[in-house]
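Listed below are the structures to be examined.
Look for chain A in each of the two complexes below; its partner is chain B in the first and chain C in the second.
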Partner chain A sequence: MNDTQSTLAGRWSRRALVRFAGASGLALAVAMAALPAHALEGKVTYWGGLIFSEAANKLLVDTITAWGQANGVETEVVMINQNETVQKVSAAVASNTMPDALDLNLDLLLLLSRQGVFTEVSDVYDAVGAANGGWFPSVAATSDLISAESGRYGVPFGVTGNLILRRNDLLSEKGFAEAPATWQELADQAVAVTASPVFGLGLALSNVGDGNVQIAVMQSFGGRVADDAGENAAIKSEGTRAYLQWLKDAWDKGAFPPGVATWDGAGDNQAYLSGQAAFIANTGSVGIAAKTQDPELYDATLYSPLPRGPVENVNPINMQFRAIPATSQNPEAAKALIEHLYNPEFLNAYYQAAIYGPVLNANKDFAAFDGSDPIKSGLLGLTENGTAPAWPDVYNAAYADIYTNYVIPKMAQRVVIDGWDFDRAMDEAQASAQAIYDKY
Partner chain B sequence: MAAITTGTDAAATRAQPRGGSIRRNLLVSRILTYIALGGAVLLILFPVYWMLITSLKLPREIYRMPSLWPQVFTLENYRILLQDKEFLLPIRNSMIVAFAVTIISVLISSFAAYSMVRFRYRFKGLIGRLILFAYLTPTSLLFIPLSILMAQLGLGNSLHGLILVYLCFSLPLSTWLLQGYFRGVPRELEEQGMIDGLTRFGALLRIVLPLSAPGIAAVSIFTFTHAWNELLLALVLTTSESVRTAPLALNYLITSDVLPWGPLMAGATLSSVPLMILYFIAQRFMVQGMTAGSVKG
Partner chain C sequence: MTDQIAAAGAAGRKRWLNGNRRLSLFAYLLVLPVVLLILGLVAYPFLYAIYVSFTDRVIGNDGQWVGLRNFQYIAGTATFQSAIWNTIVIVVVTGVLKLGIGLGLALLVNQHIPGRGIFRSLLMLPWAMPAFVAFLTWRVMYQPIGGGINLILTQTGLYPHVVDWLGQRSTAMPSVIAASVWRGFPFWFISILAALQSIPNELYEAARVDGANAWQRFWNVTWPGILPVVIVTTLLSSIWTANAFEHVWLLTQGGPSDATMVFPVLAYFGMQTQRIGEAAAVSVAMLPVLAILVIFATSLMQKDDE
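Showing the complex of A and B:
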């Protein structure tokens, strides 16, 4: 024992030392609690996803601006066209000019979070979930799909997915009062109402996002993109053959409008809004457009989930997330802002204007989902009953590549446009898909 | 005599149907020419007409009753565009960018082209080819490097940055085109001017540039049109609403998979007006300039 130690031992007994330490800790804790929470400061730049609803866009901008003013944070909200998010974000990542927070979809979040572009937001995800009765199971499952071992990189705020829109006026004339429960029923109803200038099946078969609805149809017939491990292509199967048979039959009966194999992303919607299609698959934007532009068509339109097939009921959901780039200069303020955007007052108003299904259990009681709006009811149904992206396949980078290369729509085109037999079309799709899986 | 008279009459009689045939052929040829020209005019003007007429229709009519003449004329699409979307701001931004790029481009490329045509120095040919290669590089390959460069220069999200980037594309083309026009100006004219006391710069300003006016007009129109219509770089390099150009603002009208055809066509109509005026004023120079450049180059 040296001199110093002996001096301390002489002045302080062990008990006194423990008491002092305990009292000091308590005093510090009280003092910390009495202090205001860590004040936010600086600037937050937010890239919001521009959506079809002007009211929803304005509400988001106003809410963020008001939050900034209330918290002494300078905010700049820029609404980014979602059709161009990939180009915009790619350039911003490369040039290190990402905002402090942004909205983006599942696919882009998956891709960029694997590259370390975003900061971890598990704390926000957990806090928001706990404060709002937890996340819907489908939302949590989808969110889990893209959370890496190191945590979550995005907080979901909206569910999207395809609903079937149908012309009730035309269908009821033919005696079809109920929504088609199966793809076969849908094809039968479509064939029954097909009479120039109306075609029954306004489902895109072209190389656009809408064309990928055919993946869900194929899966519901038992077809698969890949094996259970998500490592090897498994397109060539009896399930896929059954799907192609369904497609060929409907095509041969003239239910598809001419040009479906070359439609752009708006082709099916234009066909419906111009009164030339009795069924389309759409996220709800067509219904919103019809509500203001063509009330007669809006009244004649009914909404239902994607029908089931002979094997599966596949209703894939997609989600929108809020994320914070790792380059953010103000991540704490960005986190506080994102958390603020889950306050019930804002979300209640936002869901009424936007075209998103809810993500939190507490959101179910919002006015938007009280059943008075058929589109919102459909989106709530999608949240409650929808299947995870890619299911029954595995959602991974290779699947996303298959998606963006339109392998399944191209297979459909081979059958209906080029007249290939099923085996040849499946062989080509299988080889193309396997080449993609081999890359990963 | 009689025989001669008879012969002349016979010739006249033979000539009459031939003359009539020629006139008839000329008439048919003229009618066919007008039909062909009318067809060409129709082919070119129909999209413009459709754009204009669609901008004056209600949404339901655009989708449900496509017709050559609106059942109900409306200016609602223009109201949405100008009032709700504040489209005059992007038009102003496009004007600033396009005029700045055109003026700077013509100025710099005139000097560059003149030096390449009149002076002798090492690697002149190589530099000329490199300039052309720079122009031929696809924009889609360059937008990310350019966005990095602009960010490092602190010029991202600004009209200045956009002007600088557009110059990267317009300068090579302008220089290359102007070389052709400058080569067509006889060197002797400049030499005579310099004997009379003009400096080299004076000769360029007072002799070469005036004689190349059609070429400069053509280059100006090309440069202006490119800067006015460009979308990809504007999309990547600018973010704030206050610095959006007209094509970008039009692109931002499309917010989902349902296209707002009415406001889109109204925006396309308004965006076309400055270009139409420019082409109308300069069409004489345009044709003359292009022809001169192609022959002399």
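Showing the complex of A and C:
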């Protein structure tokens, strides 16, 4: 043994050995984390949420199938139209034929998790968050809505919500270079560009989900659906009155396109794509449609968050979750699959194809959110600056009932369609909302 | 001895299962599958829906018996009160209009006019078209900007202003009714035409010989001849219209401001909140109205038979 050898042997026997042991342990830990805790087997049926992007749907199916093949698990992926999720899941719950895992939205998850339909997935939520730099604050706050003492029942994977789409070509002609910062600015800009057949304010006032953007506007003006405890209706207020005044002023100035009080779910899409509306509030699907159907309109469109009001800045987000029914025959494999669907390689590609904002801090650096796509940038902004659903109100079952009964859009209709005075419209909405809160 | 008892038993069975009874039993056996099918597919869901309307059932939870609470809640809402009135208006007005149009066209096409076979086929088209397509087409036609009706009115100078047909309280219900009548009149037309063709020509000839004018022939020969069919058609059409969902949903979703809200759309909103008990209560609340219609029409038919 020469000096060198003895030196190496000496180092190996002390520091090098410790370093080697440490590095080996870390590698082993990473490898162990990547592998399931114990061998997986059996079958996993997954109900994926069918979205607007074919590429995203295919990617999800392929990824789940590949994961199954790699882990010796038989997989069956059924893509469900998101408009039919409630019906399908309701029937499956009643007939005890739920899949092993599925995608669903916040409302349905909230309702069903209270009925004990889902299994607890806090471990997956924590592990995924820890591995990806944590969850965005708005995502964590929204996820907290469905956490109970017994834990969490869903893991979020996509943020949705309304962005303001605006016709930059029309607005810049009138000297408006910047996105409206307040609802009043938005109304002023909308009035300025209104000249039939173009109308400024393409915000739905009808009995459809899009009509509920009026809740956010009302809250921005200081109006509230209920009190701080979320137990009693509090619609009749000076804040709501201010909102109704803003609405009526814009209506009387002819800024709303005709028909907004009876628009269906595609009303704002059609109005914007046909060039009849200069502003709409939309999830971004209109922008995607414009990209292929009307590239000129796509180029003329800019995106911004919902403006702030005189009292609050309300930008409600909604989220899609992955959950595991309590009836799953293979919950461990389902958990492993869900965890796998957060690997950066898949998510990076998925977000490029899908119309979702990111949920994890680490996702911010993905190609989809590098600023080259204005819709994705808008969705990132929504995730970063968005507010939890219902905020500043309390998101609970009664609030969800108010939402699906379109109490606020109906109040707006009373003012602009029936010509009711503000007090009468607020009284009816207040009574209607209180009757709903009294049920819970 | 045993043989004698067995023979007596067989003879007794033979007497009990005589020809008529055997025939009846066989007939009952033949209809039994259909009866079971009807009980399973009609009676069970019907009775179950009534039961659910008295519970607080939500998706994922069978719920508990709550008595009349669901009915008290929905009856107290302004939307429910609008739905009662609107459902009655739609059923009555569309019924009267469909009768008038169906009868008029049936009388016309029953004449010996050239190309009446083509007319008959053309008049059936609205009914043959899928409701979804028909009402979405009407929705496009009603559009304030670019809609066919406004284009015709403004370009021909009949009415210079653009009308928001579905977005105004004053025009929303008439617009829904017009579309419903267009889609539904062919059923009346074909039913009445069939009844007209079953009236013997001799009756008209006898009336002519007696000096009856056109109105008298219609009132004394045609109308009594088609009345049973008109009653049955009224009954069926009223029930279908009261239960129809797509015409209102595709045109207005019950708006603006509940101006066109009807029971089926209200029940659908109940389903959206995933409160199955309440949604069932809305549907069950329609039953008395429909029952009155059925009883009224049935009594008329019996009176006519007598």
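As a working rule, the second predicted complex is superposed on the first by the 403 of 440 C-alpha atoms of A that agree within 3 Å, B and C clash if a C-alpha of one lies under 4 Å from a C-alpha of the other, contacts with A are read in each partner's own complex, and residues count from 1 in each chain.
What we mean here is this: contacts are C-beta pairs under 8 Å (C-beta built on N, C-alpha and C of every residue); 3 or more make two chains touch, one makes a residue touch a chain.
Not measured: the values here are computed from a predicted model.
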item: First (chain B), second (chain C), both or neither touched by A:S285; value: first
item: Chain B versus chain C as contact partner of A:S90, first or second or both or neither; value: both
item: Partner chain(s) touched by A:G133 [first = chain B, second = chain C, both, neither]; value: neither
item: Partner chain in contact with A:P257 - chain B first, chain C second, else both or neither; value: second
item: First (chain B), second (chain C), both or neither touched by A:S274; value: both
item: Partner chain in contact with A:G72 - chain B first, chain C second, else both or neither; value: neither
item: A:R414 touches, of chain B and chain C: first, second, both or neither?; value: second
item: Partner chain in contact with A:N405 - chain B first, chain C second, else both or neither; value: second
item: Chain A residues contacted in one complex by chain B, in the other by chain C; value: 90, 94, 274
item: Complex contact set, residues of chain A against chain B; value: 47, 50-52, 54, 57, 76, 78-84, 87-88, 90-92, 94-97, 210, 265-266, 269-270, 273-275, 282-283, 285-286, 288-289, 292-294, 297
item: Residues of chain B defined as touching chain A within the complex; value: 58-60, 63-64, 66, 84, 143-144, 147-148, 150-152, 156-157, 232, 235-237, 239-241, 251-252, 254-259
item: Residue numbers on chain C that touch chain A, as the complex places them; value: 58-61, 73, 76-79, 143-146, 162, 164, 166-169, 172, 250-259, 269, 272-275
item: Residue numbers on chain A that touch chain C, as the complex places them; value: 86, 89-90, 93-94, 108, 111-112, 115-117, 196-197, 206-208, 257-262, 264, 274, 276, 400-401, 404-406, 410, 413-414, 417-418, 428, 432, 435, 439
